[in-house]
Structures are given as structure tokens and as C-alpha cells.
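Each of the next two complexes has chain A plus one more chain, namely chain B in the first and chain C in the second.
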Partner chain A sequence: MQDFVRGLWKENPVFVQVLGMCPTLAVTTSLINGISMGLATTFVLVASGLVISSVRKLLPDQVRIASFMIIISSFVTVVKLLFEAHIPEISSQLGPYLPLIVTNCIILGRQEAFASKQPVGRSLLDALGMGIGFALALVVLGGVRELLYQGTIGGFQVFGTWYKSMVIMVMPAGAFISLSLLVALFQRISGRK
Partner chain B sequence: MEYFFIFVAIVLTQNFVLHYFLGICPFLGVSDEMEGAFGMGIATTFVMTLTAIITWNINTFILEAFNVEFLEYVTFILVIASLVQLVEMFLRKYLPELYETLGIYLPLITTNCAVLGLALFMVLREYNFLESAIFGFGAGIGFTLALVIMAGIRGELSEEDIPKPFRGTAITLLVAGLLALAFMGFSGLVPS
Partner chain C sequence: MKKIVRMVLVLTLLGLISGLALSLVSNYADPIIEENEKEATREAIYYVLKSADSYETEEVDGKVIYRALDSSGELVGYAFTASGGGYQGTIRLMVGVGPEVWKVKGIQILESSETPGLGGKIRGESFKSQFRDLVARGEIGLVKSGEPERGEIKAITGATISSKAVVKIINTELSRVRSILSTGGE
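Take a look at the complex of A and B:
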């Protein structure tokens, strides 16, 4: 159970470990994009964690990283094809950031630190926890940016028509600044140094 | 002229780090001192230029020629990983001094999403060979520029009294946000 909970808050991949920043900043212009990216990453994390932890004793140490990369990128290809077939609009909005899950440091990091050393069950829990922690962070950031940009959350009008849209929130600068404020808030709440 | 615009766009107006959020991990992590940032930047530029040249050829003459584009990601990541390995071996053997300086940064480049991002963008925009090479080189230069500027600012910041919750990551992200704003001033340099 500990393996699962850890990723959600105490070692949250985005707010605490500061990993996987590229997709975090790039795709969170809206809530729905954040959710899709979070789920896609969780799927790759869990699937590759399962495979790697089951074959961990067969992999020679020297080609370990290369093997991880092949396994991870195969699953990313699967996700990309699924997205293209079933939700083409989201797939085209995420653009090259969907395939870039391959180089998401969270995934390789978890394989190296956890899945390649632990039994299948624990790796599964760890991957699920980290994936959901990542997805949560993306949802929060996506929600905040979408709300401030056009006053909606997930497409629903939250602020009235008086709300003037803040264009900066969909721009790169807005992404950096809102994540910065969220990280600061997170540190304040969790009371770390 | 078109080639020149590709270069200017990728260095300034569409900087990989500040516009596409590629290569953020090393940008936030390594950039504490100027020299290290510069070394990392040069090593990455080198790998990026080579990656652009090699992946363009592989994509055009193998993947597209045989209709196996779905192998794109697996192939690209393998090419990048082996390229980094080769560069490392080459440097260690023939240019040991340079290896001493760049050595520690090289393995990190494999998981730098900017390198894979470069290959993906190149395919997406259907660049020809020369355009790809310039794109790769420019992306590296833009990355170096952002890294060096960031290192300079962080050097100054280390002596400031920053509010507690902002220490570390948060302040770095805030600085990056302001930098991104500043770089928006360059938009318009390149006709779209």
C-alpha cells in the first residue's frame, strides 16, 4: 500500500521530484488535455513497469537502459495509435508531446529505481501511484490554466460573461508562472523546509 | 533566406526550451554555474546536429521507403541512444580533454526530450535534408542560449533572500516564465 500512496503526495513526480516537466508544461492548456496526457503516461508507466519487472532477471546489466527504452517506446507507439484511432482531435492537439512520453524522465526513472529491482506486484502499485500522482498534477495545472484563460473548467462556464480571457495563460510564460505558483503552494502546504 | 529564417526562428522566436518546453529537465537541473551550462549546451548541440542528419536519412530512406513509419519512435530513440554512446566513446579515445569537460553530461542527453522532440518536429514539418541539419544545429544553439542565460540569473539569485516556499524549483520556474515573456519580444522577427 505504501508503494501506491507514495507517488500521490509525498513523492509526487511533478511537485516534489520535478520530473516530466515537458509534457506537464506543454499540454496543460486545458483540463481535458491534462487528463488525456496523464492517463496516457500512467498507461505506459504501468505497462512497461509490468514487463520490465517480470523480465528483470533476464536483462543483462550493460544493455539495461537500451532495453527499457525499447519496451517503453513500444508501449508509447501503442498509445499513439490508439489515440489516433479513437480520439483524433485530442491526439492532434497533443501533437509531438504524445510520442515524447518516451523520454519522460518519470518513466525511465521508475523503471531504473523500482521496477527493475522489485517483484511484479509492488512495481504495479508503484507505477499506478506515480502515474496517478502525475495525472493529478496535470489535472490541477490544466484546470487552473483553463479557468484563468477563458473562465471555464473542462468546457463548462464557471465565470460569467464578464470574464475577460487572460491570453497569457495559454502561452509558455503563463505555463511556467502558474506551475511555479503551484509548486510554491505545494511546498507551503506540505511544510517542507 | 528561408534557411536563415528557420535558424532564427528556432534560436529566438520558437526557442526549444522557452517555447516548446523541450529540454526542461536539464534546464532546471544543471544550470547552476555558467561553465557547466555551456558545456552541456555544446554537447547537446553536437548530438542534436548529428541526430538531425542521421534520423532524416533513416526516416526518408528506410522508414518511409518501406512504409514502416509506425516504428518511428522505437527507431529514433535507439539511434539517439547509440549516437550518444558513440560520441562518448569517440571523445574518450581521441579528445580526452574535451571528454573530461563534457563527459558527465553525455549520458543525460539520451533522456533529454529536446533531442527526440527535434527528430519528431523534423518529420512533422517535412523538412528537407539541409533544412533538417540547420534546424538541428539551431535548436542546439537555442538550447545553449537559454541554459547560459538561466545559469547567469541563478548565479545572481543565490545571494538573494527568497521567500521559503519559493526556494528551489518554484523560483526557477518563475524566472523561466519571465524569460519566456522576454523572448516573446522576438516574435515578428520571422514572417510566418
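Take a look at the complex of A and C:
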């Protein structure tokens, strides 16, 4: 159980470890983008974690990273093809960041630090926790940016017509500003000053 | 020696399995992806040529041109894609013209990564509607301020580069299609 919760809060990949910043900053222009990116990454994390953990004793040490990369990139390609086939609008919104999940350091990091050394059950919990923790962070960030940019959350009007859209929130600068504020808030809540 | 054999074996096996799995997934997904793209093209053609009811795909001199017909089989115009550099990345457009090719019937943005809120407004109805039934005997002009005259488009405030890019892409492809259509049969 501890393996699962760790990724959600205490070692949250975005707010605490500050890993995987490329998708975190780039695709969180709206809530729906955040959700899809988070779910896609979780899927890759869980699937490759399961495979790597179950074959961990067969992999020679010298080629373990190469093996991880083959497994991870296969799952990323699967996700990319399925997204393009079934949700083309979201896939075109995410653009190059979908195939770029392959370079997300959370994924390789968890394989190296956890899945390649632990039994399947624990690896599954760890991957789920890290994945959902990452997804939650993207959802919060995407939601905040969408709200401040056009006054909507997930496409639903939250602020009235009086709200003047803040273009900066949807640009890279807005990503940095909102991410840093959220990290600060997170540190405050969890009592680490 | 034993170590090397094992390394080679493991990597080969992994590559084989992954290749097999990927070819299965791609077998399943490719036809759907292709269908999606066709659907997007279809929608764009019917958007730029409002009175079109069906269309035929033709390739003349390496350029794909869609001949659009209305419900009685009468030619209502041509549609074609055009692309070029925008402010950020490539802009891909569907352009619809009348049968005489001197009138732009409408445009649709197929792909663009212009800045949201600024250049991204080229996707907006208020910009695209300027191209509806636009008389363009020569080149389409662009004005930054003031009222556009016949055959002119008003640039989006704060996004002159994106507006200019769209007009330039259309002008370039328009003259190409004109020369193709005037020499290539019809």
C-alpha cells in the first residue's frame, strides 16, 4: 500500500521530484489535454513496469537500459497509434508530446529504481501510484491554466462573460508561473517550508 | 563469452517480440487512422464549398485537386490543400474556389500551431469568413488597419505574421492551381 501512496503525495513526480517537466509544461493548456497526457503516461508506466518486473531476472545487467528502452518505446508506440485511431482530435492537440513520452524520465527512472529490483505486485502498485500522481498534477495544472486563460474548466463556462481571457496562461510563460505557484502551494500544505 | 551470447540473445528476442506486437497494433490501427484523415478532408471540402454535394479526387501534375459537384451534378468548384510556414510551424489549409477559379469560396485550417489567442485566431470564424466569396482575380491583398477593399483581407490584430502567412500560402497555391487547371484539360 505504501508503494502506491508514495507516488501520489510524498514523492509526487511533478510537485516533489520535479521530473517529466517537458510534458508537464507543454501540454497542460487545458484540462482535457492534462487528463489524456496523464492517462497515456500512466498506461506506459504500468505496462512497462509489469513487463520489466516480470523479466527482471532474465535481463543481463549490461544491457538493462537498452532493454528498458525497447519495452518502453514499444508501449509508447502502441499508445500513439491507438490515440490517433480513436481520439484524433486529442492526438493532434498533444502533437509531438505523445511519442515523446518515451523520453519522460519518470518512466525510465521508475524502471531503474524500482521495477527492475522489485516483485511484480509491488512494481504494479508503484507504477500506478507514480502514474496517477503525475496525472493528477497535470490535471490540476491544466485546469488552472484553462480556467485563467478562458474562464472554463473542461470546456464548461465557469466565469461569466465579464472574464477577460489571460493569453499569457496558455503560453509557455504561464506554464512556468502556474507550475511554480502550485509547487509552492504543495510544499506549504505538506509542511515542508 | 557466455555473457555476450546471453546479451545478444535477450536483445534479439526483445526486438522480435516488440516488432511483432507493434506490427499487430499497426495492422489494426492504420486503416482507422487513414479513415479519420479521409473524414477530416471530406469535412473540410464540404466546409469550404458550401453547395457541394459530392466530390471527385483528381491528380493533375502531381497536385491533388478535388472537383466538387452539387446535387444535380453541376460543377460548383475545386478544393485543394495548401501549406507553408506560419509564425510557428507549418500551416495547412483547405482552399475552395469557384469553377472559374477567380473567386475564393472559403478556407479551412487543417493544421496549425500558431500562438493560441493571437495567431491561433486564424482558426476563428471571423477570420475565415473573410475568405467566403472573395473576389481574387490577381493576388489576395492584406491590410493591417482600415477597411479592406475588394479582394483584400484584414489582418488579425497582433497577429500580422500569421495573417500574412495564410494569405501568402493561398496566393502561391492559387496561382499554381490556376495554371494547372488552365493547361490541364477542363
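In the analysis below, the second predicted complex is superposed on the first by the 192 of 193 C-alpha atoms of A that agree within 3 Å, B and C clash if a C-alpha of one lies under 4 Å from a C-alpha of the other, contacts with A are read in each partner's own complex, and residues count from 1 in each chain.
In this section, a residue touches a chain if its C-beta (ideal position, glycine included) is under 8 Å from a C-beta of that chain, and two chains touch if they have at least 3 such contacts.
Note that the structure is a prediction, hence the values are computed from the model and not measured.
J.: With both structures placed on chain A, which of the two partners, chain B or chain C, ends up touching more residues of chain A?
T.: The partner with more contacted residues on chain A is B.
J.: Answer with first, second, both or neither: which of chain B and chain C does A:L81 touch in the superposed model?
T.: both
J.: Just checking: does A:T152 make contact with chain B only, chain C only, both, or neither of them? Give me first, second, both or neither.
T.: Touch partners of A:T152: none, neither chain B nor chain C.
J.: Under the stated touch criterion, which partner chain does A:Q93 make contact with: chain B (first), chain C (second), both, or neither?
T.: A:Q93 contacts neither chain B nor chain C.
J.: Please indicate which partner A:I70 is in contact with in the superposed arrangement: first for chain B, second for chain C, both, or neither.
T.: In the superposition, A:I70 touches chain B and chain C alike.
J.: Is A:I177 contacted by the first partner chain B, the second partner chain C, both or neither?
T.: In the superposition, A:I177 touches chain B alone.
J.: For A:Q62, decide between first (touching chain B), second (touching chain C), both and neither.
T.: second
J.: Can A:Q118 be said to touch chain B (first), chain C (second), both, or neither?
T.: After superposing on A, A:Q118 lies clear of both chain B and chain C.
J.: Overlap of the chain B and chain C footprints on chain A, residue-wise?
T.: 66, 70, 73-74, 77, 81, 95, 171
J.: Touching residues of chain A toward chain C in the complex: what are they?
T.: By the definition above, chain A touches chain C via 29, 58-60, 62-63, 66-67, 70-71, 73-74, 77-78, 81-82, 84-86, 88, 92, 95, 149, 165, 167, 170-171.
J.: Show which residues of chain B lie in contact with chain A when the two form their complex.
T.: 18-25, 28-29, 70-74, 77-78, 81, 110-113, 115-117, 120-121, 124, 163-174, 176-178, 180-181, 184
J.: Of all residues in chain C, which touch chain A in the complex?
T.: Spelled out, the residues of chain C in touch with chain A are 3, 6-7, 10-11, 14-15, 18, 21-22, 25-26, 28-30, 32-33, 36, 40, 111, 113, 115-118.
J.: Could you please specify the touching residues of chain A with respect to chain B in the complex?
T.: On the chain A side, the touching residues are 18-19, 21-22, 25-26, 65-66, 69-70, 73-74, 76-77, 80-81, 95-96, 99-100, 102-105, 108, 171-177, 179-181, 183-185, 187-188, 193.
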